[in-house]
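Pasting in a structure now, in C-alpha coordinates, and then I'll have a few things to ask.
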Amino acid sequence: MTIAVLEEFPIVIDMPVAWGQMDAFNHVNNVVYFRFFEDARIAYFEQIQYLQEIEKTGIGPILAHTECKYKFPVTFPDQLKLAARVKEMGDNELSMHYLVWSEKAGRVAAEGTGKIVSFDYRNNCRADIPDAVRARINKLECRSC
Amino acid sequence: MTIAVLEEFPIVIDMPVAWGQMDAFNHVNNVVYFRFFEDARIAYFEQIQYLQEIEKTGIGPILAHTECKYKFPVTFPDQLKLAARVKEMGDNELSMHYLVWSEKAGRVAAEGTGKIVSFDYRNNCRADIPDAVRARINKLECRSC
Amino acid sequence: MTIAVLEEFPIVIDMPVAWGQMDAFNHVNNVVYFRFFEDARIAYFEQIQYLQEIEKTGIGPILAHTECKYKFPVTFPDQLKLAARVKEMGDNELSMHYLVWSEKAGRVAAEGTGKIVSFDYRNNCRADIPDAVRARINKLECRSC
Amino acid sequence: MTIAVLEEFPIVIDMPVAWGQMDAFNHVNNVVYFRFFEDARIAYFEQIQYLQEIEKTGIGPILAHTECKYKFPVTFPDQLKLAARVKEMGDNELSMHYLVWSEKAGRVAAEGTGKIVSFDYRNNCRADIPDAVRARINKLECRSC
(Lines give C-alpha, C1' and ligand atoms only; values in the text may rest on other atoms or scores of the structure.)
Protein backbone atom coordinates (compact mmCIF):
# COMPACT_ATOMS: atom_id res chain seq x y z
CA MET A 1 0.00 0.00 0.00
CA THR A 2 1.21 3.47 -0.79
CA ILE A 3 0.55 6.10 1.84
CA ALA A 4 0.41 9.39 -0.02
CA VAL A 5 1.53 11.58 2.83
CA LEU A 6 4.69 9.52 3.35
CA GLU A 7 5.78 9.58 -0.29
CA GLU A 8 8.13 12.53 0.05
CA PHE A 9 9.95 10.94 2.97
CA PRO A 10 12.96 8.86 1.95
CA ILE A 11 13.14 7.21 5.36
CA VAL A 12 10.12 5.41 6.80
CA ILE A 13 10.50 2.83 9.56
CA ASP A 14 7.97 0.59 11.28
CA MET A 15 7.55 0.85 15.03
CA PRO A 16 5.06 -0.93 17.27
CA VAL A 17 3.52 1.08 20.08
CA ALA A 18 4.48 -0.33 23.50
CA TRP A 19 1.78 -0.56 26.15
CA GLY A 20 4.23 0.94 28.63
CA GLN A 21 4.56 4.08 26.53
CA MET A 22 1.07 5.08 27.63
CA ASP A 23 0.70 7.34 30.66
CA ALA A 24 -2.07 7.82 33.20
CA PHE A 25 -4.26 9.42 30.51
CA ASN A 26 -4.24 6.05 28.71
CA HIS A 27 -2.53 7.35 25.61
CA VAL A 28 1.10 7.49 24.51
CA ASN A 29 2.91 10.06 26.63
CA ASN A 30 3.87 13.29 24.86
CA VAL A 31 7.56 12.73 25.57
CA VAL A 32 7.62 9.46 23.62
CA TYR A 33 6.93 11.22 20.31
CA PHE A 34 10.41 12.73 20.51
CA ARG A 35 11.79 9.22 20.84
CA PHE A 36 9.83 8.41 17.66
CA PHE A 37 11.41 11.41 15.94
CA GLU A 38 14.81 10.29 17.16
CA ASP A 39 14.20 6.77 15.84
CA ALA A 40 13.46 8.21 12.39
CA ARG A 41 16.36 10.67 12.58
CA ILE A 42 18.85 7.97 13.52
CA ALA A 43 17.56 5.71 10.74
CA TYR A 44 18.18 8.62 8.37
CA PHE A 45 21.68 9.19 9.79
CA GLU A 46 22.43 5.47 9.39
CA GLN A 47 21.47 5.72 5.73
CA ILE A 48 23.80 8.68 5.10
CA GLN A 49 26.51 7.32 7.42
CA TYR A 50 26.56 10.54 9.43
CA LEU A 51 27.40 9.05 12.84
CA GLN A 52 30.34 7.11 11.41
CA GLU A 53 31.79 10.49 10.39
CA ILE A 54 32.37 11.36 14.06
CA GLU A 55 34.99 8.66 14.46
CA LYS A 56 36.73 9.60 11.23
CA THR A 57 36.69 13.39 11.32
CA GLY A 58 35.23 14.33 14.70
CA ILE A 59 32.33 16.03 12.91
CA GLY A 60 28.82 14.90 13.70
CA PRO A 61 25.26 16.07 14.19
CA ILE A 62 23.90 17.75 17.32
CA LEU A 63 20.25 18.57 17.89
CA ALA A 64 19.72 22.29 18.46
CA HIS A 65 15.94 22.54 18.38
CA THR A 66 12.96 20.26 17.96
CA GLU A 67 9.21 20.58 18.15
CA CYS A 68 6.13 18.42 17.90
CA LYS A 69 2.55 19.14 16.90
CA TYR A 70 0.18 16.56 18.33
CA LYS A 71 -2.86 15.84 16.14
CA PHE A 72 -4.58 13.01 18.00
CA PRO A 73 -3.53 10.64 20.79
CA VAL A 74 -1.89 7.34 19.86
CA THR A 75 -2.91 4.32 21.94
CA PHE A 76 -1.76 0.74 22.37
CA PRO A 77 -2.01 -1.42 20.31
CA ASP A 78 -0.97 0.29 17.11
CA GLN A 79 1.69 0.07 14.43
CA LEU A 80 3.39 3.31 13.52
CA LYS A 81 5.32 4.46 10.53
CA LEU A 82 8.00 6.98 11.49
CA ALA A 83 9.16 9.17 8.63
CA ALA A 84 12.05 11.60 8.22
CA ARG A 85 13.27 13.87 5.46
CA VAL A 86 15.67 16.80 5.17
CA LYS A 87 13.77 19.95 4.28
CA GLU A 88 16.64 22.42 4.03
CA MET A 89 20.39 22.27 4.22
CA GLY A 90 22.77 25.15 4.91
CA ASP A 91 26.54 25.15 5.22
CA ASN A 92 26.62 23.85 8.76
CA GLU A 93 23.05 22.99 9.65
CA LEU A 94 20.03 21.20 8.29
CA SER A 95 16.36 21.04 9.16
CA MET A 96 14.39 17.82 9.20
CA HIS A 97 10.69 17.06 9.02
CA TYR A 98 9.18 14.09 10.88
CA LEU A 99 5.85 12.30 10.71
CA VAL A 100 4.28 9.77 13.05
CA TRP A 101 1.69 7.86 11.06
CA SER A 102 -0.82 5.60 12.81
CA GLU A 103 -1.90 2.43 11.04
CA LYS A 104 -4.93 2.07 13.32
CA ALA A 105 -6.20 5.55 12.49
CA GLY A 106 -4.89 5.61 8.94
CA ARG A 107 -3.54 9.12 9.36
CA VAL A 108 -0.77 11.28 10.74
CA ALA A 109 -0.86 11.38 14.55
CA ALA A 110 1.92 13.91 15.00
CA GLU A 111 4.45 15.84 13.02
CA GLY A 112 7.54 17.74 13.96
CA THR A 113 10.80 19.29 12.98
CA GLY A 114 14.40 19.11 14.07
CA LYS A 115 17.21 21.57 13.54
CA ILE A 116 20.50 19.73 13.44
CA VAL A 117 23.83 21.53 13.63
CA SER A 118 26.98 20.04 12.15
CA PHE A 119 29.39 20.05 15.05
CA ASP A 120 33.13 19.54 15.37
CA TYR A 121 33.28 17.52 18.59
CA ARG A 122 37.08 17.81 18.76
CA ASN A 123 37.27 21.58 18.54
CA ASN A 124 33.89 22.23 20.10
CA CYS A 125 32.48 24.46 17.36
CA ARG A 126 30.27 24.43 14.29
CA ALA A 127 31.71 22.85 11.17
CA ASP A 128 30.56 22.49 7.59
CA ILE A 129 28.53 19.39 6.82
CA PRO A 130 31.08 16.90 5.42
CA ASP A 131 30.91 16.70 1.61
CA ALA A 132 30.30 12.97 1.58
CA VAL A 133 27.36 13.37 3.95
CA ARG A 134 25.95 16.24 1.92
CA ALA A 135 26.22 14.20 -1.26
CA ARG A 136 24.39 11.26 0.32
CA ILE A 137 21.60 13.54 1.56
CA ASN A 138 21.18 15.06 -1.88
CA LYS A 139 21.04 11.64 -3.45
CA LEU A 140 18.58 10.35 -0.87
CA GLU A 141 16.21 13.32 -1.11
CA CYS A 142 16.28 13.53 -4.87
CA ARG A 143 14.59 10.21 -5.33
CA SER A 144 12.42 11.22 -8.26
CA CYS A 145 15.20 12.89 -10.22
CA MET B 1 20.49 32.39 46.37
CA THR B 2 18.28 34.18 43.88
CA ILE B 3 18.68 33.14 40.26
CA ALA B 4 17.66 36.15 38.22
CA VAL B 5 16.51 34.25 35.16
CA LEU B 6 14.09 32.17 37.22
CA GLU B 7 12.47 35.09 39.00
CA GLU B 8 9.53 35.42 36.63
CA PHE B 9 8.65 31.75 36.96
CA PRO B 10 6.13 31.03 39.71
CA ILE B 11 6.92 27.31 39.63
CA VAL B 12 10.47 26.08 40.08
CA ILE B 13 11.19 22.49 41.14
CA ASP B 14 14.45 20.71 41.91
CA MET B 15 15.37 17.63 39.91
CA PRO B 16 18.54 15.57 40.07
CA VAL B 17 19.96 14.32 36.76
CA ALA B 18 19.93 10.52 36.57
CA TRP B 19 22.98 8.78 35.15
CA GLY B 20 20.65 6.61 33.06
CA GLN B 21 19.21 9.68 31.34
CA MET B 22 22.46 10.01 29.41
CA ASP B 23 22.72 8.39 25.99
CA ALA B 24 25.65 7.07 23.95
CA PHE B 25 26.91 10.64 23.46
CA ASN B 26 27.45 10.79 27.24
CA HIS B 27 24.99 13.62 27.80
CA VAL B 28 21.35 13.73 28.74
CA ASN B 29 19.29 12.47 25.81
CA ASN B 30 17.27 15.12 23.94
CA VAL B 31 14.01 13.33 24.68
CA VAL B 32 14.47 13.67 28.43
CA TYR B 33 14.17 17.46 28.31
CA PHE B 34 10.50 17.04 27.43
CA ARG B 35 10.12 14.94 30.57
CA PHE B 36 11.70 17.88 32.43
CA PHE B 37 9.18 20.24 30.83
CA GLU B 38 6.39 17.83 31.79
CA ASP B 39 7.66 17.70 35.38
CA ALA B 40 7.46 21.50 35.58
CA ARG B 41 4.10 21.61 33.79
CA ILE B 42 2.55 19.03 36.11
CA ALA B 43 3.92 20.87 39.16
CA TYR B 44 2.21 23.98 37.80
CA PHE B 45 -1.03 22.09 37.21
CA GLU B 46 -0.88 20.72 40.76
CA GLN B 47 -0.59 24.26 42.06
CA ILE B 48 -3.67 25.44 40.13
CA GLN B 49 -5.55 22.18 40.68
CA TYR B 50 -6.10 21.74 36.97
CA LEU B 51 -5.99 17.94 36.83
CA GLN B 52 -8.54 17.65 39.64
CA GLU B 53 -10.93 19.56 37.38
CA ILE B 54 -11.14 16.56 35.05
CA GLU B 55 -12.90 14.45 37.64
CA LYS B 56 -15.28 17.23 38.58
CA THR B 57 -16.19 18.71 35.19
CA GLY B 58 -14.52 16.51 32.59
CA ILE B 59 -12.46 19.50 31.46
CA GLY B 60 -8.70 19.22 31.53
CA PRO B 61 -5.51 20.17 29.73
CA ILE B 62 -4.15 18.48 26.62
CA LEU B 63 -0.78 19.25 25.07
CA ALA B 64 -1.12 20.42 21.47
CA HIS B 65 2.41 21.55 20.71
CA THR B 66 5.76 21.73 22.42
CA GLU B 67 9.29 22.65 21.46
CA CYS B 68 12.74 22.76 22.98
CA LYS B 69 15.81 24.83 22.26
CA TYR B 70 18.97 23.10 23.49
CA LYS B 71 21.69 25.48 24.65
CA PHE B 72 24.36 23.14 25.99
CA PRO B 73 24.38 19.45 26.97
CA VAL B 74 23.50 18.47 30.54
CA THR B 75 25.55 15.67 32.07
CA PHE B 76 25.42 13.53 35.20
CA PRO B 77 25.89 14.49 37.98
CA ASP B 78 23.97 17.74 38.12
CA GLN B 79 21.06 19.33 39.94
CA LEU B 80 18.48 21.03 37.78
CA LYS B 81 15.87 23.63 38.45
CA LEU B 82 12.84 23.16 36.22
CA ALA B 83 10.73 26.27 35.79
CA ALA B 84 7.30 26.91 34.30
CA ARG B 85 5.13 29.93 33.79
CA VAL B 86 2.05 30.81 31.73
CA LYS B 87 2.93 33.37 29.09
CA GLU B 88 -0.48 33.88 27.50
CA MET B 89 -3.99 32.70 28.12
CA GLY B 90 -6.89 32.67 25.66
CA ASP B 91 -10.45 31.45 26.10
CA ASN B 92 -9.65 27.80 25.63
CA GLU B 93 -5.88 27.57 25.42
CA LEU B 94 -2.74 28.78 27.12
CA SER B 95 0.94 28.90 26.30
CA MET B 96 3.65 28.02 28.78
CA HIS B 97 7.33 28.81 28.96
CA TYR B 98 9.82 26.34 30.47
CA LEU B 99 13.43 26.58 31.60
CA VAL B 100 15.94 23.88 32.49
CA TRP B 101 18.56 25.49 34.68
CA SER B 102 21.81 23.66 35.46
CA GLU B 103 23.36 24.17 38.87
CA LYS B 104 26.70 22.80 37.68
CA ALA B 105 26.90 25.28 34.80
CA GLY B 106 25.09 28.07 36.58
CA ARG B 107 22.98 28.83 33.54
CA VAL B 108 20.02 27.81 31.43
CA ALA B 109 20.67 24.54 29.58
CA ALA B 110 17.45 24.49 27.60
CA GLU B 111 14.23 26.38 27.21
CA GLY B 112 10.94 25.56 25.61
CA THR B 113 7.29 26.24 25.20
CA GLY B 114 4.08 24.29 25.44
CA LYS B 115 0.68 25.05 23.96
CA ILE B 116 -2.02 23.57 26.14
CA VAL B 117 -5.62 23.30 24.99
CA SER B 118 -8.48 23.16 27.47
CA PHE B 119 -10.33 20.03 26.50
CA ASP B 120 -13.71 18.59 27.40
CA TYR B 121 -12.86 14.90 27.72
CA ARG B 122 -16.55 13.92 27.99
CA ASN B 123 -17.70 15.64 24.82
CA ASN B 124 -14.40 15.38 22.99
CA CYS B 125 -14.05 19.05 22.07
CA ARG B 126 -12.37 22.29 23.16
CA ALA B 127 -13.84 23.99 26.19
CA ASP B 128 -13.24 27.26 27.97
CA ILE B 129 -10.64 27.17 30.72
CA PRO B 130 -12.67 26.72 33.95
CA ASP B 131 -13.05 30.01 35.83
CA ALA B 132 -11.52 28.64 39.01
CA VAL B 133 -8.42 27.48 37.12
CA ARG B 134 -8.14 30.81 35.32
CA ALA B 135 -8.37 32.68 38.60
CA ARG B 136 -5.62 30.54 40.16
CA ILE B 137 -3.34 31.11 37.16
CA ASN B 138 -3.88 34.86 37.34
CA LYS B 139 -3.12 34.85 41.03
CA LEU B 140 -0.03 32.69 40.59
CA GLU B 141 1.43 34.71 37.72
CA CYS B 142 0.71 38.10 39.24
CA ARG B 143 3.20 37.66 42.03
CA SER B 144 4.51 41.21 42.01
CA CYS B 145 1.09 42.84 41.99
CA MET C 1 13.94 -19.73 10.06
CA THR C 2 13.22 -21.67 13.21
CA ILE C 3 15.07 -20.53 16.31
CA ALA C 4 15.27 -23.59 18.54
CA VAL C 5 15.43 -21.75 21.83
CA LEU C 6 12.22 -19.85 21.05
CA GLU C 7 10.19 -22.90 20.13
CA GLU C 8 8.61 -23.41 23.52
CA PHE C 9 7.43 -19.81 23.67
CA PRO C 10 3.91 -19.30 22.29
CA ILE C 11 4.40 -15.53 22.09
CA VAL C 12 7.32 -14.07 20.16
CA ILE C 13 7.27 -10.46 18.96
CA ASP C 14 9.74 -8.47 16.87
CA MET C 15 11.21 -5.32 18.32
CA PRO C 16 13.86 -3.05 16.83
CA VAL C 17 16.48 -1.66 19.20
CA ALA C 18 16.28 2.14 19.43
CA TRP C 19 19.53 4.11 19.42
CA GLY C 20 18.19 6.14 22.32
CA GLN C 21 17.88 3.02 24.47
CA MET C 22 21.65 2.94 24.78
CA ASP C 23 23.27 4.62 27.77
CA ALA C 24 26.69 6.17 28.34
CA PHE C 25 28.29 2.71 28.18
CA ASN C 26 27.13 2.53 24.54
CA HIS C 27 24.88 -0.47 25.08
CA VAL C 28 21.19 -0.84 25.82
CA ASN C 29 20.56 0.32 29.37
CA ASN C 30 19.74 -2.43 31.89
CA VAL C 31 16.37 -0.88 32.68
CA VAL C 32 15.16 -1.25 29.09
CA TYR C 33 15.20 -5.05 29.29
CA PHE C 34 12.26 -4.86 31.67
CA ARG C 35 10.41 -2.84 29.05
CA PHE C 36 11.21 -5.68 26.64
CA PHE C 37 9.80 -8.19 29.14
CA GLU C 38 6.72 -6.01 29.53
CA ASP C 39 6.29 -5.83 25.76
CA ALA C 40 6.28 -9.63 25.60
CA ARG C 41 4.05 -9.97 28.67
CA ILE C 42 1.47 -7.53 27.31
CA ALA C 43 1.50 -9.31 23.93
CA TYR C 44 0.76 -12.49 25.84
CA PHE C 45 -2.01 -10.83 27.84
CA GLU C 46 -3.52 -9.50 24.61
CA GLN C 47 -3.61 -13.03 23.26
CA ILE C 48 -5.44 -14.40 26.29
CA GLN C 49 -7.58 -11.25 26.69
CA TYR C 50 -6.49 -10.79 30.28
CA LEU C 51 -6.57 -7.00 30.41
CA GLN C 52 -10.10 -6.90 29.01
CA GLU C 53 -11.15 -8.95 32.05
CA ILE C 54 -10.50 -5.93 34.29
CA GLU C 55 -13.34 -3.97 32.76
CA LYS C 56 -15.72 -6.91 32.93
CA THR C 57 -14.96 -8.41 36.33
CA GLY C 58 -12.47 -6.08 37.97
CA ILE C 59 -9.93 -8.91 38.04
CA GLY C 60 -6.61 -8.40 36.33
CA PRO C 61 -2.90 -9.10 36.55
CA ILE C 62 -0.43 -7.29 38.78
CA LEU C 63 3.32 -7.80 38.70
CA ALA C 64 4.66 -8.95 42.07
CA HIS C 65 8.25 -9.81 41.19
CA THR C 66 10.52 -9.79 38.18
CA GLU C 67 14.17 -10.45 37.48
CA CYS C 68 16.60 -10.35 34.60
CA LYS C 69 19.82 -12.19 33.88
CA TYR C 70 22.00 -10.29 31.43
CA LYS C 71 24.10 -12.48 29.15
CA PHE C 72 25.74 -9.99 26.81
CA PRO C 73 25.09 -6.32 25.99
CA VAL C 74 22.68 -5.46 23.18
CA THR C 75 23.67 -2.54 20.95
CA PHE C 76 22.04 -0.47 18.23
CA PRO C 77 21.32 -1.44 15.50
CA ASP C 78 19.73 -4.81 16.18
CA GLN C 79 16.43 -6.61 15.76
CA LEU C 80 15.17 -8.46 18.80
CA LYS C 81 12.72 -11.25 19.30
CA LEU C 82 10.93 -10.93 22.63
CA ALA C 83 9.43 -14.17 23.90
CA ALA C 84 7.03 -15.03 26.72
CA ARG C 85 5.53 -18.18 28.10
CA VAL C 86 3.72 -19.24 31.28
CA LYS C 87 5.83 -21.68 33.24
CA GLU C 88 3.51 -22.40 36.15
CA MET C 89 0.01 -21.48 37.13
CA GLY C 90 -1.52 -21.60 40.60
CA ASP C 91 -5.00 -20.65 41.78
CA ASN C 92 -4.31 -16.93 41.93
CA GLU C 93 -0.85 -16.45 40.47
CA LEU C 94 1.31 -17.47 37.55
CA SER C 95 4.98 -17.32 36.68
CA MET C 96 6.26 -16.30 33.28
CA HIS C 97 9.54 -16.83 31.49
CA TYR C 98 10.96 -14.23 29.09
CA LEU C 99 13.71 -14.25 26.49
CA VAL C 100 15.40 -11.40 24.64
CA TRP C 101 16.91 -12.85 21.50
CA SER C 102 19.35 -10.82 19.40
CA GLU C 103 19.28 -11.27 15.65
CA LYS C 104 22.72 -9.66 15.30
CA ALA C 105 24.31 -12.08 17.74
CA GLY C 106 22.10 -15.03 16.89
CA ARG C 107 21.58 -15.88 20.54
CA VAL C 108 19.77 -15.02 23.75
CA ALA C 109 20.96 -11.69 25.17
CA ALA C 110 18.92 -11.83 28.36
CA GLU C 111 16.33 -13.92 30.10
CA GLY C 112 14.03 -13.31 32.98
CA THR C 113 10.97 -14.22 34.92
CA GLY C 114 7.86 -12.51 36.17
CA LYS C 115 5.50 -13.47 38.95
CA ILE C 116 2.02 -12.20 38.20
CA VAL C 117 -0.71 -12.16 40.81
CA SER C 118 -4.38 -12.26 39.84
CA PHE C 119 -5.82 -9.23 41.56
CA ASP C 120 -9.34 -8.04 42.27
CA TYR C 121 -8.95 -4.30 41.65
CA ARG C 122 -12.42 -3.56 43.05
CA ASN C 123 -11.97 -5.31 46.38
CA ASN C 124 -8.23 -4.82 46.58
CA CYS C 125 -7.27 -8.44 47.18
CA ARG C 126 -6.04 -11.58 45.43
CA ALA C 127 -8.57 -13.43 43.30
CA ASP C 128 -8.59 -16.66 41.39
CA ILE C 129 -7.46 -16.44 37.78
CA PRO C 130 -10.71 -16.18 35.77
CA ASP C 131 -11.68 -19.51 34.19
CA ALA C 132 -11.78 -18.09 30.68
CA VAL C 133 -8.26 -16.69 31.05
CA ARG C 134 -6.99 -19.97 32.49
CA ALA C 135 -8.51 -21.90 29.61
CA ARG C 136 -6.87 -19.62 27.04
CA ILE C 137 -3.47 -19.97 28.74
CA ASN C 138 -3.78 -23.74 28.76
CA LYS C 139 -4.72 -23.74 25.10
CA LEU C 140 -1.91 -21.37 24.18
CA GLU C 141 0.79 -23.26 26.08
CA CYS C 142 -0.29 -26.71 24.94
CA ARG C 143 0.59 -26.07 21.32
CA SER C 144 2.01 -29.48 20.60
CA CYS C 145 -0.86 -31.41 22.16
CA MET D 1 13.66 11.85 61.24
CA THR D 2 15.34 8.48 61.34
CA ILE D 3 13.77 5.76 59.22
CA ALA D 4 14.70 2.50 60.90
CA VAL D 5 14.58 0.33 57.81
CA LEU D 6 17.05 2.60 56.00
CA GLU D 7 19.61 2.66 58.79
CA GLU D 8 21.78 -0.12 57.41
CA PHE D 9 22.03 1.53 54.02
CA PRO D 10 25.05 3.84 53.66
CA ILE D 11 23.61 5.46 50.51
CA VAL D 12 20.14 7.01 50.58
CA ILE D 13 19.10 9.57 47.97
CA ASP D 14 15.92 11.60 47.57
CA MET D 15 13.95 11.28 44.38
CA PRO D 16 10.62 12.86 43.49
CA VAL D 17 8.12 10.69 41.59
CA ALA D 18 7.40 12.11 38.13
CA TRP D 19 3.79 12.12 36.92
CA GLY D 20 5.00 10.76 33.58
CA GLN D 21 6.43 7.66 35.29
CA MET D 22 2.90 6.41 35.81
CA ASP D 23 1.40 4.10 33.22
CA ALA D 24 -2.16 3.37 32.13
CA PHE D 25 -2.83 1.67 35.49
CA ASN D 26 -2.27 5.07 37.13
CA HIS D 27 0.72 3.94 39.16
CA VAL D 28 4.45 4.06 38.57
CA ASN D 29 5.34 1.60 35.82
CA ASN D 30 7.19 -1.54 36.95
CA VAL D 31 10.15 -0.74 34.70
CA VAL D 32 10.84 2.56 36.48
CA TYR D 33 11.78 0.80 39.73
CA PHE D 34 14.91 -0.46 38.02
CA ARG D 35 15.76 3.12 37.17
CA PHE D 36 15.35 3.84 40.89
CA PHE D 37 17.71 0.97 41.70
CA GLU D 38 20.16 2.31 39.13
CA ASP D 39 19.94 5.80 40.65
CA ALA D 40 20.88 4.36 44.03
CA ARG D 41 23.58 2.11 42.57
CA ILE D 42 25.22 4.95 40.66
CA ALA D 43 25.11 7.16 43.78
CA TYR D 44 26.91 4.33 45.58
CA PHE D 45 29.46 3.99 42.77
CA GLU D 46 30.06 7.75 42.88
CA GLN D 47 30.80 7.49 46.57
CA ILE D 48 33.36 4.72 46.08
CA GLN D 49 34.70 6.21 42.83
CA TYR D 50 34.10 2.99 40.94
CA LEU D 51 33.25 4.47 37.54
CA GLN D 52 36.38 6.62 37.57
CA GLU D 53 38.35 3.37 37.81
CA ILE D 54 37.33 2.49 34.23
CA GLU D 55 39.34 5.37 32.79
CA LYS D 56 42.35 4.60 34.92
CA THR D 57 42.54 0.80 34.78
CA GLY D 58 39.84 -0.30 32.37
CA ILE D 59 38.12 -2.15 35.21
CA GLY D 60 34.56 -1.28 36.05
CA PRO D 61 31.22 -2.70 37.13
CA ILE D 62 28.75 -4.51 34.89
CA LEU D 63 25.29 -5.59 35.97
CA ALA D 64 24.80 -9.34 35.63
CA HIS D 65 21.47 -9.83 37.36
CA THR D 66 18.83 -7.77 39.06
CA GLU D 67 15.40 -8.34 40.53
CA CYS D 68 12.60 -6.40 42.14
CA LYS D 69 9.88 -7.35 44.58
CA TYR D 70 6.94 -4.94 44.38
CA LYS D 71 5.14 -4.41 47.68
CA PHE D 72 2.58 -1.75 46.80
CA PRO D 73 2.13 0.65 43.88
CA VAL D 74 3.79 4.09 44.05
CA THR D 75 1.77 6.99 42.67
CA PHE D 76 2.39 10.63 41.84
CA PRO D 77 2.89 12.79 43.82
CA ASP D 78 5.36 11.21 46.24
CA GLN D 79 8.89 11.65 47.49
CA LEU D 80 11.03 8.54 47.51
CA LYS D 81 14.15 7.58 49.36
CA LEU D 82 16.30 5.24 47.27
CA ALA D 83 18.74 3.17 49.28
CA ALA D 84 21.68 0.96 48.36
CA ARG D 85 24.14 -1.18 50.27
CA VAL D 86 26.61 -3.94 49.45
CA LYS D 87 25.51 -7.20 51.02
CA GLU D 88 28.36 -9.46 49.96
CA MET D 89 31.63 -9.06 48.16
CA GLY D 90 33.65 -11.77 46.42
CA ASP D 91 36.92 -11.53 44.51
CA ASN D 92 35.35 -10.28 41.30
CA GLU D 93 31.70 -9.68 42.08
CA LEU D 94 29.45 -8.08 44.65
CA SER D 95 25.77 -8.19 45.48
CA MET D 96 23.76 -5.12 46.36
CA HIS D 97 20.47 -4.59 48.14
CA TYR D 98 18.11 -1.78 47.19
CA LEU D 99 15.08 -0.20 48.82
CA VAL D 100 12.47 2.17 47.45
CA TRP D 101 10.89 3.94 50.40
CA SER D 102 7.72 5.99 49.96
CA GLU D 103 7.32 9.11 52.07
CA LYS D 104 3.57 9.23 51.35
CA ALA D 105 3.04 5.69 52.60
CA GLY D 106 5.77 5.76 55.21
CA ARG D 107 7.03 2.35 54.22
CA VAL D 108 9.04 0.35 51.71
CA ALA D 109 7.30 0.18 48.31
CA ALA D 110 9.78 -2.14 46.66
CA GLU D 111 13.05 -3.87 47.29
CA GLY D 112 15.55 -5.56 45.07
CA THR D 113 19.00 -6.88 44.50
CA GLY D 114 21.74 -6.46 41.96
CA LYS D 115 24.66 -8.71 41.16
CA ILE D 116 27.55 -6.66 39.85
CA VAL D 117 30.55 -8.23 38.20
CA SER D 118 33.93 -6.51 38.17
CA PHE D 119 34.81 -6.40 34.51
CA ASP D 120 38.00 -5.63 32.59
CA TYR D 121 36.60 -3.64 29.66
CA ARG D 122 39.96 -3.69 27.84
CA ASN D 123 40.48 -7.45 27.91
CA ASN D 124 36.79 -8.35 27.95
CA CYS D 125 36.89 -10.62 30.99
CA ARG D 126 36.21 -10.70 34.74
CA ALA D 127 38.77 -8.97 36.94
CA ASP D 128 39.30 -8.64 40.66
CA ILE D 129 37.61 -5.67 42.29
CA PRO D 130 40.33 -3.00 42.47
CA ASP D 131 41.83 -2.74 45.98
CA ALA D 132 41.04 0.94 46.32
CA VAL D 133 37.38 0.30 45.47
CA ARG D 134 37.22 -2.63 47.87
CA ALA D 135 38.70 -0.52 50.64
CA ARG D 136 36.17 2.25 50.07
CA ILE D 137 33.28 -0.22 50.14
CA ASN D 138 34.52 -1.72 53.40
CA LYS D 139 34.84 1.71 54.91
CA LEU D 140 31.42 2.80 53.70
CA GLU D 141 29.60 -0.33 54.90
CA CYS D 142 31.30 -0.47 58.26
CA ARG D 143 29.77 2.74 59.48
CA SER D 144 29.20 1.67 63.05
CA CYS D 145 32.68 0.21 63.57
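Here the chain labels run A, B, C and D in written order, and each chain numbers its own residues starting at 1.
The criterion applied here is as follows: contacts are C-beta pairs under 8 Å (C-beta built on N, C-alpha and C of every residue); 3 or more make two chains touch, one makes a residue touch a chain.
Everything numeric in this text was worked out from a predicted model, so none of it was measured.
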Chains touching both subunit A and subunit D: B, C
Most widely separated chain from subunit D, with each centre as the mean of CA atoms: A
Contact-richer chain pair [B-C vs C-D]: C-D
Mean-CA-position distance for subunit C and subunit A (Å): 30
Averaged-CA centre spacing for the pair subunit D and subunit C, given as whole angstrom: 25
Interchain centroid distance [CA atoms averaged], subunit B/subunit C, Å: 35
Two or more partner chains touched - positions in subunit C: 19-20, 29, 31, 35, 38, 76
Subunit A residues touching subunit C - in the complex, by the definition given at the top: 13-16, 18-20, 35, 38-39, 42, 46, 76-77
Residues of subunit B defined as touching subunit A within the complex: 29-32, 34-35, 38, 62-70
Subunit D-facing residues of subunit A, complex: 19-20, 22-24, 26, 29, 31, 76
